[in-house]
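Just below is one structure, and these are the notes that go with it.
Naming follows writing order (A, B and C), and every chain is counted from residue 1.
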Amino acid sequence: MVQEWLGALRLIDHHCHGVLDRDLEPAEFEALLTEADEPGTELSGSLWDTQVGFALRRWCAPVLGLPAHASPDDYLARRMELGADEVNRRFLTAAALDVLCVDTGYTPQAMLEPPALGKLAGARAYEVVRLERLAEDAVADEVSAAAFAGEVRSRLNAKVRSESVVGCKSIAAYRAGLELSGERPTGAEVTSAAGRLLREADRAMAGRSAPPRVSDEVLHRFLVWCSVDAGLPVQFHVGYGDADADLRRGDPLLLTSLLQAVAPTGVPVMLLHNYPFHRHAGYLAQVFPNVFVDVGLATHNLGHRAPTLIAELLELAPFGKVLYSSDAFGLAELYHLGALLFRRGLGAYLGSGVEDGAWTEEDAVRVGELVASGNARRAYRLPQAQEQAH
Amino acid sequence: MVQEWLGALRLIDHHCHGVLDRDLEPAEFEALLTEADEPGTELSGSLWDTQVGFALRRWCAPVLGLPAHASPDDYLARRMELGADEVNRRFLTAAALDVLCVDTGYTPQAMLEPPALGKLAGARAYEVVRLERLAEDAVADEVSAAAFAGEVRSRLNAKVRSESVVGCKSIAAYRAGLELSGERPTGAEVTSAAGRLLREADRAMAGRSAPPRVSDEVLHRFLVWCSVDAGLPVQFHVGYGDADADLRRGDPLLLTSLLQAVAPTGVPVMLLHNYPFHRHAGYLAQVFPNVFVDVGLATHNLGHRAPTLIAELLELAPFGKVLYSSDAFGLAELYHLGALLFRRGLGAYLGSGVEDGAWTEEDAVRVGELVASGNARRAYRLPQAQEQAH
Amino acid sequence: MVQEWLGALRLIDHHCHGVLDRDLEPAEFEALLTEADEPGTELSGSLWDTQVGFALRRWCAPVLGLPAHASPDDYLARRMELGADEVNRRFLTAAALDVLCVDTGYTPQAMLEPPALGKLAGARAYEVVRLERLAEDAVADEVSAAAFAGEVRSRLNAKVRSESVVGCKSIAAYRAGLELSGERPTGAEVTSAAGRLLREADRAMAGRSAPPRVSDEVLHRFLVWCSVDAGLPVQFHVGYGDADADLRRGDPLLLTSLLQAVAPTGVPVMLLHNYPFHRHAGYLAQVFPNVFVDVGLATHNLGHRAPTLIAELLELAPFGKVLYSSDAFGLAELYHLGALLFRRGLGAYLGSGVEDGAWTEEDAVRVGELVASGNARRAYRLPQAQEQAH
């Protein structure tokens, strides 16, 4: 009963990326399946032989009209036959989402923008501003060091006024690491750090190399405070990601000092992904009233093991502090797979608790709804679900 | 069979605090439920919507004569109606304890002292001396830096002679962190560190601010050696606690050097709580013959998930090295809930092993008794259980 | 079906040690059961009361003709009665191995060499060269600092030509820790570090103390590159081991920089044991195409909990990147117990996935074979299984 009910819940996917709007070659598809940079090699074996590969064959093949467990070759052939538009439409619809919050700051190639993505999904789509990208864009526009801080705040405020923006995201975990100080940086520190970045940018331009990336602890921290000062919830990439990040520096406990400093503002902080540190994240969600957590990205990558992941997150994290995200990037399948595995995992968890007498069916339904969408709606101050959402 | 037998075992709760001896307001009760400092907020949602909240409604409501899963409002109303004395008596009795070892060093408000707590529980109550408090009391009494070390040892020895003291506790994890050196500090180092603390105390008195707290690695370490030299088992707060601690510094592996130094003395070291580092603690319990471990505090906070926690602790930790504690503080419910969830979790674990043929029923009963009380009795050299204990 | 099929699979044990070729006293046997240095004490209790102790009584007693769960005393008496040769033969045969890769570098006492071990097991036996031992032997032979690097490479190349060598092993985790730089050390750095080691060796000889051990980050790193340059897969001790190692320094994430540097060579890197960091290791196996992982040592030490361990490893680690090892040392029982628990755990895992519809029986059989032997065969370039292997 509870499981069926949860199985039909529309979700708020509070952190995802755009989808690729074109057909994909087999190697390209395989490279997008996991966090490896490339498809499998002769040495590694196929990346279809992963939890996410098996989960995709099981759950996504039927959406394309194939039997469950279709072979990778059959799957890719059918995908090509249907074409990207139809494939994207089918999976985004199947995901059964009420809202998408789209991180628009990582676009190594052209991807569908939030409005188009929302339209495909039959859902409202909001934007999440990637803070480091915002700063890098200001640098590319040759702001002066002295004007940097003001320019960044002004660009962020313009975003806020657009009303499609619901939060910001920090990728400090990929750059300086999450060990950010609890002190607000002074104006002089920000100017000095911006000056270093601008000089790097000059050298890059002279040498025709790639423009520099924000990777200075002071700047990451400054950007987080810009978001907090604007009253915008801050998402942090935490834990699991590609090999470009040093996972050691992605433990959410490294954020403790900063979280202590931000807590009094009451601005929500969202810890994304978290695996394999999701129990650490659950602790932070319990002791900081403004910290929310999810296990996006890991949910579809763990496939058949997703229920265990969800159960471990729900050890210390209060039910009112857990969110859903897919962290889907590029492949339409991942919006659906993340949503399906999360709904099934949460439903199985809450349902088995009802059977064991751990909580009542009424409570299971109530907290299921919180996790599926109520918590995100409250934390991001989103309007109530649309009529068609039920 | 095994589960029923274990379900009736009296436990030694080798680490708990006092209980509050007065009626509690709803917000106060909610703030004491978890390790958050405050009750839930509009943003966070209610802290009743946690594993511990659901477990409390399920298991504690019937002790107050309510149906399982009573609503928080009904629960609190009934609690008020019965009054603190009756509520405390019911839960302490329901806990079915043989012995309580009470950390008397953290009393932000008046709490029942060990003798009164033991009387309520129908159990013998011993005292665990909080080392940092002992040192802070000596500082408050204006000992000189040169006399500090001797004064601390002398106060500790007086406690030992009282015969109600069975061990000491270090809260280094909340202050300098657990990365304590394996070297004994020299007398000069201790005098110098004590001098710093005394000067802080003078400044605090002059400025009418709060007296300073021991947070110097040298002093934490000195205090641990005082306990070891007195032959008193040392408890360490490890892992999970409130946001005042930096959880990163609470990993028990940080204690490795100190454990190597203490091992030859044969004085028991007890690692408390340990979540989410309980597997690290289990490893230490296996390789150091004098290290014991528990999952107190986490047991009731994980509620429905406590069986998994217990099973993970029992991966590497030998059955002869695992203890029970509640770490209950303030709420009478937590003495009962910790004991109930531990007995049920251990019973389910050992019982399912019997069913699977992993061990015999005879072995399950034998190691169940060790974990419930035998190990604590041996490590703390406690007398045999009282007649009425069975 | 799947479970039965997997239960009959011959395994490649890609990392083990020699077996003791003599009868063992009870205390000696107990000390070899776990990673504790000594048998249990009056304080700790018996180390038979551990997961590995219970698993051994259950699964190994019948191999010696005793009922399952025989008492430790009966077990040891029967073992003595049969004699070491017969006991070793029975367990090595029962392990049902196709190949053993034997680390020959840790021999505190005489142990069976790979050929004799292979003969006992009816399996092909290869050698794994312990890198630090190779360097220490060169130092013992009084190579000069300037000639050190060349001598080490030359000794390694001689090993490679012997054709019985299939890989190298680094024990940096036990010495300098796994935080090895991603830079190749320069010749001057290696000469300088070798000079320090040689001077220590001189002092040790003069003082008749034990010869020095390699514990310099530069030398560990140099040795890893020697193996990589020779095209030999490198095994790393990671995580769980005895108290001589500081487990904090054994987290595989500390290897990230070095793994990034080695990845382009395509030389396989094998992360051994990994517990309690096996999820970290699984992540590395996903994002680095040349990284392979196992949960040897932990598998038999976790006994009844081994299925959970295997399931956690298989969260992010692709099925093509997981290997089997026992890490058996000294006790013949451990070759059998590791293999049995791994086969059962993997079989239960893959079989329950078939029942739940997570993957097909065909896929389960295929990836089961990869994990049991196919991945190791591919990574170490071993010849196909012998006829008698099936």
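Throughout what follows, a residue touches a chain if its C-beta (ideal position, glycine included) is under 8 Å from a C-beta of that chain, and two chains touch if they have at least 3 such contacts.
The model shown is predicted, which means the values in this text are computed figures rather than measured ones.
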item: Other chains in touch with both subunit B and subunit C; value: A
item: Interface residue overlap between copies subunit A and subunit C, same or different (over half shared); value: different
item: Angle (degrees, nearest 5) of the CA superposition of subunit A onto subunit B; value: 120
item: For subunit A paired with subunit C, centre-to-centre distance based on mean C-alpha positions, whole Å; value: 38
item: Touching two or more other chains - residue numbers and ranges from subunit C; value: none
item: Complex contact set, residues of subunit A against subunit C; value: 34-38, 40-41, 43-47, 49-51, 54-55, 57-58, 68-69, 240, 242-243, 246-248, 275-276, 301-305, 308-309
item: Residues of subunit A defined as touching subunit B within the complex; value: 251, 253-254, 256-257, 260, 266, 268, 279-280, 283, 286-290, 311-312, 314-316, 318-321, 353, 356-360, 363, 367, 370, 375, 378-379
